[in-house]
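Several structures are given next for inspection.
Each of the next two complexes has chain A plus one other chain: chain B in the first, chain C in the second.
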Partner chain A sequence: MNMSGFQQRVKQAKAENLWLLAGLTLAFTPHFFRLSPLVMLPGIILLCWRLLFELRYLALPPRTVRWLLTFIGIFATYIAFGTLVGRQAGVGLLVIMLCLKLMEMNAQRDVGVVIGLGFFVVITVFLFDQSIFMGIYMLLVVTLLVTALIAFSRDQSEIPQWANLQKAGAVLAQAVPLALLLFFLFPRIPGPLWSLPTDGAGAGTGLSDSMSPGNISQLSDDDSVAFRVQFDTALPLPQKRYWRGPVFTQFDGRTWSNPYPQNLTNRLSINSQYQVSGEPSLYTVTLEPHQQRWLFALDLPATIPPDSRLSVDYEIIANQPVRQLIRYSMRSFTDYQLAKNDAPDISRYLQLPAESGIQARKLAQQLRQKVTDNAAFVQTVLNYIAEQPFYYTRQPPLLLNDPVDEFLFDSRRGFCEHYASAFVFLMRAAGVPARVVTGYQGGEMNPQSDYFIVRQSSAHAWTEVWLRDEGWRRVDPTAVIPTERIENQQDLARILPEMAGVGAAPNWLKKMGRQLNFGWDRINHAWNQWVVNYNTQRQQNFLSRLLASAGFDNIDWQEMITLLVAGMALVMTVVAMYLLKPWNRQSRDPAQVVYERFCQRLSRRGMQRQPAEGPLDFSRRAGQRYPQRARDISNITALYERQRYAPYPTQKNLQRLQHAVRNFIV
Partner chain B sequence: MSHTTTRATTPAMSLRQRFSLERFFTGEGPEPGPIFLAQRRVYILPGKMGVYFAAMMLIMLLGAVNYNNSLAYALTFLLASIFFIAILHTYRNLLHLRIDVGQAPAVFCGEIAQVPVILDNRHNAARYALKLQLRDQHHVSIDVAGDQWQRNNVPLLTTQRGRHTVPRLTLETGFPLGLFRAWAYAQRDVCYLVYPAPDQHHRLPGESSYHLDLQGDRGHGADDFAGLRNYHTGDSLRHIHWKTVARGQGMYTKQFGGDQATELWLNWDSLPKLDTESRLSRLTRWVLDADTAQLTYGLRLPDAHIPLGTGLVHQQQCLQALALYNLDTDISSP
Partner chain C sequence: MQNNEITKQLDAIVAHASQVVLGKQHEIRLALACLLARGHLLIEDLPGVGKTTLAHVLAQTLGLQYQRIQFTSDLLPADILGVSIFDKSEQGFHFHPGPIFAQLILADEVNRATPKAQSALLEAMEEGQVTIEGKTRPLPKPFFVIATQNPTYQIGTFPLPESQLDRFLMRISLGYPDASAERALLTGDDRREMLKQHGTCIQPGQLEELQQAASKVHVADALLDYVQALLDASRRSPQFTHGLSPRAGLALLRSAKAWALMVGRNHAMPEDVQTVMPHVVEHRLQAVVEPGRDNKTLMALLQDVAIP
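Let's turn to the complex of A and B:
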């Protein structure tokens, strides 16, 4: 390709279309990685086609081909998603249709339509990702689309394109203060207005709704944040930091599960089941979207967040899957007794699959016969795990036939799920009601800020056994493994919360990495609090707090609108002053203004210009009075006359006049 | 050009005048001096694109509410803010411009007059994509750099002979975002002249248009003295009547019957069969042809009499007489 020829083509192409294509390509890019290639591939091809058309390498397809492409596009979307409605399919359809519109974008009107739809694509990206990075990235896309709009309205002007980009930057910069006002003051309406489509926004990271210990040969080491917590009270002790999530009661030999419990309640039955002691922990959880319905809380939750309910196993279950970042305030008692006197629905917690774990059942019965009560039996089993050569590893062997027996008697290598699963099996085999609890354990304070981070790598599984006179007791079988049998010393902190911070001192590079990590997390947390999760309630709190001194107690939406309108009027006035410069009308000829200054200077010396005296006469008279300045005076007069009476005055001449008057001294 | 000397006039307006709907639709009427686009003279409303974008933003807001998506809110609000800021930018693109309309060269009816329009931008910000349009004619799109003036010709299709006031000029702009349309009206009290449309080629009048005083002189040799007429530049020295010069009575040229081919009277009355406009058309054609043939010619209309002559000024005199024939006033609106 001849480079200069290529540049020529770029120069001759319609600028607004090139800006538009650049903006659209960037807007589509996040979708390219998310949606099916069946949809995105045709999209890329059509974008390239349009680009080649703009550079005059290719013609646009004729009408029949366009129709065919439209049909194929819709069909591909349907094949890829199995439907044409819903979030994913809807976005796929929007992308395909927009790319097809590029194939027939001829009229001026079409360009405007496509630019508008480009902004729409940006919004669809936010449905999947509201991270700070995406926000900044999309600001870039918006800049490109606004530049396209400017190039488009500028028509055939021969202005360098960077000037358009600059203009877009200026418009955006002026728009940002207004946008901030709108963002914080526009009354947030609690959604949704209509029912949301039920398709998920792709796989979320987080706990799953079932647990199959033998099926996982590699526990991922995902350091992404599960949720962040701000404590209003003191931090709970490390050994109390169990964040309760899904509880599993049903085992089929391979998989623990708990179909969403039907009998959810929105009442805490404190009197009968629930006895607490000590001070409650008060805190606010900011939960990252994980596409499931569980909300996490410190064991044991004493409140139920709005739009959620409680299951009999004390899981907090939201009414809708958590598809977006949410915040909720919680109260928990870390010292509690649950179901002390009420026998739980026993059969539920004793269920075992008939044909698996034959050896394990035998073991359970043997051990149970040695002791008198269930509490002692729990201890016996824990001792068994501690004494027998059980190892903690994150790369356990696969357990193919009978996971419980294979783990207990063969491999003896596994992580928390294996231990929790085996432990509950042994309990139930001996007639002790038990259940598997999953969630997160531990977490760390962000040393650069005031909140607590719980990461996906802190996911944990433990158990609860029901003992008469004591109720449900939390037992963490993984914690009894001696430290020397933990394969990787880095896992120590995961298993034994007390051990956090113990071990080899990290080198400075690691320290710095950690500091950076915490700094970045802090920014993310602020972004989440102030942007992503700025909702009706937070708006209410923020504005009330902000305006408490101005006498607003509880700000309502009318007051918000009033404030918004006043604020916008103020900002608009400032921008209008800056742009329009109403004082700078210059309805007077600038030359005259300068000349009058010159006359004034002379009149201060008593050289008054007579009302009927023309500039030339005046110049002659003044020249006679100040012979040393005669040349300057006649020069200024000549410049003034030229500027004032020539057919067309020039800027250069005016500058010369201004300069001469400025330097004029009587 | 007077636009440097005259202070732009912005007379005080009563509130009622300021907000009168008539101003909005028709403008201010013809004005004597250059026009300064003060704030009250620039109008602005959303254009088609603006309405489309507003609708888009409404849908986006609904989506943001429905999905409770903060960044969707943020984007919607950012676009809405851009929308508001665009008002100021578009408005500024016209504000404080000075406009003057010059004299358009006369044209024949049916041709396009080029009306010179001077735009004087005394702000340092450039004005982009200004559309200038006279009535419903084709527009010209121009940019004016900061602190510059610029002269542009705006086309105006002529449909009627006579002297007309240049119609209202509309300045319009959608820059920078095309979401809003700002416009202003400017009408100066300047006129343009439209000559009648020349007829098809017709032979120049022959016998019918001899000088009435020269009866019996036709075709009788070059030396038949026919009379005297005023001297015109370019007349042969041999034909000057030196006697009158010597007497101090002025320069006269002797005319001979044989010069009939170079001397022509174009007479209204010689075309009795045609209606008024067709007669004017025919006479216009003859004036043009006579000038091309470098004949000496005069024009007789019922209300005007232009003596024999040649040259550009003479031709324009004749054409102007034809253009204004039988029109009540000097200035008329088509």
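Let's turn to the complex of A and C:
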């Protein structure tokens, strides 16, 4: 290809269309990767087609082909998503149709429509991802689209394209104050603006609604954030940092599960045996979306967040799956007694599968017979785990036939889920009510800020055992494994809360990495607090705090609207002052005022004076057009010239000018 | 001198010169305005369109002492300024003034010389004096330079740098004559002969008076507003690499005043500014887009800026 020829083509292409194509391509990119290749492929082909058309290598398809393409597009969307409505399918259809619109974008109007829809695509991207990166990226896309809009509305002629880009930047920068005002002051509607239709099971990270320890051979080390916590009271002790999540009571020999509990309650105290002591911990959790319904809280929660209820196992279950970032305030007592002297629904916590764990049952009976009471039995089993060669590993062997027996007597290698599962099995086999609790254990303070981070890598499974005199007691069988039997020293912190920070190599690079990580997390946290999760509640709090001194107390939406309008008016006034600079304007020359009236009179007859046309030139032109009036026109012009440009203008001359203009009739 | 007398006289000069340089009234007027504004003139055009003749006829008409320097690539500063030569009879150095010591210099094909020779001329233009061998010698008054320049795409040219182009008040080009002028030229007498017979139009010292009159032309606030708006627009416009300098603004105003005098007014009008603007400004501005198009962008600038 001849390079200069190519450049020529680029130069001759319509600039606004090139900007638009660039903007659309970037706007589609996140969708392309998220949605099906059935959307991505035709999308890319159509974008390229349009680009080649702009460079005059290709023609646009004829009408029949366009119809065909449209049907294929709809069909492809249907194949890809199985439907045409819903979030993913809807966006997919929008992308395809917008790409197809490029095939018939001929008239000016079409360009305007496509640019407008481009902005809409930008909005749809935020239905999937509201991260700070996406925000910045979409700002770039919006800049390109605005540039396209500017190039589109400006005369195509001489303006270099970077000037359009610069203009777009300036326009966006000017919009910032208004955007901020709208963001902070526009009344938020409680709850999500519209309920997003679900697209089947969204793949969420984090805990799941069942646990099958034998099926996992590799525990992933996912450092993403599960939730962040801001403590209003002192941090709980490390050994008390158990964040309660799903509780499993049912075991089929391979999988622990707990179908979503039926009898939820919004009464805190399910039974009377709920005793707490010590000071409560007060904190606010900002939970990342995980597509499930559990909310996490320190053991033992003492409040129930709004829109959620409590199960008999003290799980907090939200009414809706957590599909977007949510915040809730919590109160927990880390010192508690639950269901003391009050037998729980025994059968539920003694259930065991009929066929499996024959050896384990025998072992349980043996150990139980050695001791007198259940509490001693718990200790015996813990001792058994501690003394027998059990190893902690994150790469356990698969347990194929009978996970419990294979683990206890054969492999003896596993992580928390294996131990919790085996422990509860042994308890139940000896008639002690027990359940598996999953959730998160530990977490770390962000040293650069004032909040606590709990990551997915802190996911944990432990057990609870019911003892008559004590109620439910938390037992963490993983914690009794001696440190020398932990394969990877870095897992120490994972298992023993007290050991947090030990074992990690004191490596400056790692330290710096951690610092960066914390810094980045802090930015993310602020983004979540102030942008993504700026909801009704937070808006209220923020504005009330901000305006408390101004006498506003508990601001309502009418006041917000008033403030919004007032703020916009203020911004616009400042902008207008800046643009018009009234303090710079001298009092207008009366001669000029009169002359302008004269020009207006002529312009009403279609004789328009160009802004850059001098009075003499205009007089000549007007005189040619109205020969009968030529004398008056040149007379007025001469008076004006004398008044405005000649030395020593006089009041008398001005009066003559005014008089002449007053009597002037076209 | 009264206003109408001045006008009459200027018209006479123009008419006189037009007899030799045919069909170029507007250009002659511009050149004359440039001299009235005490500025140096740059004429840029192809060889053979009458650049030299124009310079020559102006000198003759105005009764100025005239010297022509043909610039070549081997021209040395001493060839322009003069040298001291040892005189045996007087047993000392005797200064032989160069061609620069004249009232009207025609620097022909100034861009054929090396930058060194060019700068000798251009310094003299700026200072009104020359320094040779440590001694400063004043140049005669009035002192004009009319430089001619071949288009820079021609072979063997050293384009003048921007800073030196700035020294010229105006740049004009002549272009081909129209058909009737060309016919008259072809059928008429030899131009050289005509030049020889050509007399002067004004008395010695009158030129100084005319220049005085040009500098006294009134400039109203309204016109200053307009000039400032133009300067401002040139600085804001993305079409130019940089805007007009304050010196360019002064040049614009001076030229507009001289032009006003030419058309018989004692105050300058926006039309005057618009007439001289392309000639004053074009060689000082660099258009971003493409060379050769600057006139168009300049016109666009003139059309965009409203007259306040």
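Here, the second predicted complex is superposed on the first by the 565 of 666 C-alpha atoms of A that agree within 3 Å, B and C clash if a C-alpha of one lies under 4 Å from a C-alpha of the other, contacts with A are read in each partner's own complex, and residues count from 1 in each chain.
Heads up, the rule we're going with is that a contact is a pair of C-beta atoms (placed from the backbone, for glycine too) under 8 Å apart; a residue touches a chain by one contact, two chains touch by 3 or more.
The model shown is predicted, which means the values in this text are computed figures rather than measured ones.
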**Message:** Let me test your reading of the model: by the given contact rule, A:Gln651 touches which partner, first (chain B), second (chain C), both or neither?
**Reply:** first
**Item:** Partner chain(s) touched by A:Ile636 [first = chain B, second = chain C, both, neither]
**Value:** neither
**Asked** Once the shared chain is lined up, is A:Asp589 touching chain B (first), chain C (second), both, or neither of them?
**Response** both
**Asked** A:Leu18 contacts which: chain B (first), chain C (second), both, neither?
**Response** neither
**Request:** In the overlay, answer first, second, both or neither for which of chain B and chain C A:Leu26 touches.
**Result:** neither
**Message:** Looking at A:Gln610, would you say it contacts chain B, chain C, both, or neither? Reply first, second, both or neither.
**Reply:** second
**Complete:** Winner on chain A touched-residue count between chain B and chain C: chain B
**chain B and chain C contact sites that coincide on chain A, given as residue numbers** = 159, 589, 644-647
**Prompt:** So in the complex, which bits of chain B are touching chain A?
**Reply:** 1, 4-5, 7-8, 10, 36, 38-39, 48-49, 52-53, 56, 59-60, 62-82, 84-86, 88-89, 91-92, 95-96, 122-123, 128-129, 141, 143, 147-149, 174-179
**Request:** Show which residues of chain A lie in contact with chain B when the two form their complex.
**Result:** 109, 112-113, 116, 119-120, 122-123, 126-127, 130, 134-135, 138, 142, 146, 149-150, 152-157, 159, 167, 171-172, 174-179, 182-183, 186, 188-194, 196, 324, 531-535, 568, 572, 575-576, 579-582, 584-591, 643-649, 651
**Asked** For chain C, which residues are in contact with chain A within the complex?
**Response** 218, 220, 222-223, 238-239, 266-271, 274, 288-289, 297, 300, 302-308
**Asked** How about chain A: which of its residues touch chain C in the complex?
**Response** 158-160, 163, 589, 592, 610-617, 641, 644-647
